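In what comes next, chain A is part of two complexes: it sits with chain B in the first one and with chain C in the second one.
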Partner chain A sequence: MAQIFHRSTNVLSRLSIFGFVFILAGIVWIAYIVNRSPYITEVGMAQVQPVPFSHKHHVSGLGLDCRFCHTSVETSAFAGMPPTETCMTCHSQIWSDSPMLEPVRESYRSNQSIEWNRVYQLPGYVYFDHSIHINKGIGCSTCHGRVDQMPLMWRASPMQMEWCLNCHRNVEQYVRPRAAVYQMDYQPPKDQVALGEKLVKEYKVQKLTDCYTCHR
Partner chain B sequence: MALPLLIGVGCRTDMHVQPRYRPMQPSHVFDDGRSARPLIEGTVARGHLRVDELLYTGKVNGKDSEVFPFPITQEILERGQQRFNIYCVPCHDRTGSGNGIIPQRGFRHPPSYHIDRLRQAPVGHFFDVMTNGFGAMYSFASRVSPRDRWAIAAYIRALQLSQQAGLNDVPPAEQHKLLSEGK
Partner chain C sequence: MSSPSFNQNPTPEPEAPLIGFGYNYATVTDKISAIVLSKRTPRTWLVGFAIAFALLMVLMLAIGKLLFVGVGVWGIQIPVGWGWAIVNFVWWVGIAHAGTLISAILLLLHQEWRTSINRFAEAMTLFAVACAGMFPLLHLGRPWLFYWLFPYPNTMNVWPQFRSPLIWDVFAVSTYATVSLIFWYVGLIPDLATIRDRSKKTLSQKIYGIFAMGWRGSAKHWKRYETAYLLLAGLATPLVVSVHSVVSFDFAVGIVPGWHSAIFPPYFVAGAIFSGFAMVLTISIPVRKFYGLEDFITERHLNNMAKVLLATGLIVAYGYLMETFMAFYAGGRFDKYMIMDRMTGHYMNFYWILLTCNVVVPQFLWIPKIRNNVWVLWVISILVNVGMWLERYVIVVQSLARDFVPSSWRNYTGTHWDVATFLGSIGLFLTLLFLFLRYVPMISIFELRGLVPKGDAPAASTGASQRG
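Coming up: the complex of A and B.
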């Protein structure tokens, strides 16, 4: 009976047995890389919105405070999306015939919501509360990045558990004075850890790393 | 090949996307597509009936009040300053003269707080304007709580004083500082 495989294929089969471990490791490595890439985390990917609202213009151009629109961020889990009325506070008179803002005016006339596309979305099994982070001295830009330099919004943080835990474990590296929480261009001082340890005591910040802190 | 495929098929998102509404999530149940429902008119949460006319409307017997509904402390003034700087400064600017960045970009100029009419105006007037809007200004009632509106009104009073202050209003110990800076 003739041989189906040539002798040389023995090398291939030996190689693949030997290489199996490497191939497996390669697949795991690729999965690891992809899972941390913007394909999955959406970090740095601008979201298209019904109105191309620019935080850059409103925050660094006009100097509006975050809380002018996100009114419930100090007191509630949800930072608050401004109702159309908030837009119209100024845009009843400014750019009031701009076609770009027609969806805003239409929403105000018809009392129908503008359907913005979410930028940050946590899974349903994660509990998150804005107010406690704000009141313990975690700045907006720590998680949301330099919003004042974003013409359209994108995610600045991967919002993966590893990322959450990094801060929950090393909070003294991130905490800042309460007065600077909304300051977009805040730079941590050189002695951040010393300041952080002082603020952790002063604000009674707990290092909450129990599962049930977020998964409740 | 089969193993990763099997693992992949095993993935489900039931926990990830749970059948409940998060704030402002759309809903197919209601005609307007909102899961956040407006309160039925006349709804009062237990313990939140607004019986205190002065605190919630700024009026006493239908007239703008001359007094605050609670004592104004340093703490409340500072709260008022902070809220003023968030919500009022874009139009009224930090001194209250009405030259904020928004009027500079084309919005109708608000009057300065330092004109006689507003210096004579009862404090309840400012509360009423914040609550119900005035002229081109929208209501801020949904954005600023009643107590904060009073704190802002108190801070407006402080701003008005600050623009009319003379050297004799400064504590004697501080006067020489101003004089030496002025030279």
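Coming up: the complex of A and C.
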């Protein structure tokens, strides 16, 4: 009788046995990579804003402190976004006819806030408080990166739970003296762990890793 | 019919044949493969399939409603957070036990009578596991995140709680499903080759050919097959005990009175085999009648299964007895209250009906006449299935509804969505079963050929061996 299958089926069937393991492993590996890639995390991807505000110019060029605009970072959960008046303190005098700044002036005239696009967005089920991190010696740049080098804002951290936990479990590797919290170019010393352990004790840093610390 | 019509001896002797008179290798193969190869789908099959499929659609509707609204449609509340869904899960997993027991343990014990029911029971096992697995996943509330149950390198840097029996359950049930599937499939390969060789249509030759994996029936193939099958049987054997033990831990590890009991693992395993054999009987009796397979699934088979039913039923009855005895012997006030509430409280009807179905009814199986009366046996097997469902209902619901703090007591009733989901799962089971009966040889042809008396068997026509 005629053969049902072509001779090539032999090769195909052997390949499929071999391939099964590798294809399965490949799928897992791809999922692992994609889930941690900027495609998902948006790390390093500059966000378009209504006004192309440059942190680089304002922080490293003009020397503004973080708290000049983000006023509530030391006292509240939310670091605070500056009202248009803060911009207009200078920009009513400087670049006051720049077309680039027209949305700022429009906002000032109409009393409507500028609608910035959030760069760091946490899900609603995560409780996060800026003030406690600042007061326990976690620097701005630890999470937000070298903001003073960013012409447009982008995410410097993946904001995934493993990233949160990595710090919460190993605080001594990240904590710095309170005096250096706003210092953008802070470099951890060689004996960071020793310093970290000392600061953890001094600042009474708790390594909070219970579910309810963030998911309340 | 194979059973002799001597009135003075209604019980078939142990030597009674496992296969009807006058069969040889060829006729055995013809008879079983004809069911699959027949061009005409029987009208009754179509009717049965239509009913099963309609029930499956009810399941789809119920799941749709659940996904849309949430687990609240199931009537679960606090303290009864585990309602019908978990009852159904345990019931289906229990039913899934007969397959491996028949296939693996009876194979290792050289019980030849397993041959004509093992394929069937294994298929039933697979379908029951599919139904069972569905319920805890749907009960998660957000079933689309079910993969959180598995330990995988996730971006949350959290692992499942390995100290929780619910996670043991995930591993136990998924291992059981995998091993059962492989065991069933490996056992099917020679028969799929037979169907491939006997099929006249190119498409079915190809489909069965792919699944037969190039089986040619050479001596080398058979040797490897035998080794693999035996190894798989060895692998599956501990699973018969482990799976339902782990399911029982879901309860026994908890501190709720009525759950926190050391007798649970063996008592659950016996209950599982009890309900599994009941389901094999419930299904094989109509099927053998309908397909005229009385010569292959003989009265001796039914008789043996009835005996297993009786034996496991007695173990289960011992479990009920010990549960009650221990509550009073230990004298804890919560345990005593739980048992009294079980017997006289809100759920007493469930309890007494379950005792009737699981303890009283199987006692009729002591009588050989009843074991040999096919339709009485069928009714008994259905009653056992009902009883086992009620047993799980009482364990899950009654224990939760009356826990330690009277202020939190609250009675529970399932909603019509619970009923729809349960009926739907039966629809899923039956749909898969009907497809199995039509497209896969339901009895192991080559193993059955081994039961043909050697003198009758001509050397020719061994099916798969001739062609490739």
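The rule we apply is simple: the second predicted complex is superposed on the first by the 212 of 216 C-alpha atoms of A that agree within 3 Å, B and C clash if a C-alpha of one lies under 4 Å from a C-alpha of the other, contacts with A are read in each partner's own complex, and residues count from 1 in each chain.
Keep in mind that, in the parts below, a residue touches a chain if its C-beta (ideal position, glycine included) is under 8 Å from a C-beta of that chain, and two chains touch if they have at least 3 such contacts.
Remember, it's a predicted structure, so these values are computed and weren't measured experimentally.
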Which superposed partner A:Val11 touches (first chain B, second chain C, both, neither): neither
Winner by number of chain A residues touched, once chain B and chain C are compared: B
Which superposed partner A:Tyr125 touches (first chain B, second chain C, both, neither): first
Partner chain(s) touched by A:Val48 [first = chain B, second = chain C, both, neither]: neither
Touched partner set for A:Gln112, first chain B, second chain C, both or neither: first
First (chain B), second (chain C), both or neither touched by A:Leu165: second
Intersection of the chain A residues that touch chain B with those that touch chain C: none
Residues on chain B engaged by chain A in the complex (per definition of touch): 4, 15-18, 20, 22-24, 26, 32-34, 85-87, 90, 101-102, 105-108, 136-138, 142-143
Sites on chain A touched by chain C in the complex: 1, 4-5, 9-10, 13, 28, 32, 35-36, 158, 160-162, 165-166
Chain A-facing residues of chain C, complex: 152-158, 196, 202, 205-206, 209, 213-214, 467
Footprint of chain B on chain A - complex, ascending: 27, 62-65, 67-68, 71, 77-78, 81, 83, 85-86, 88-90, 92-94, 111-113, 115, 123-125
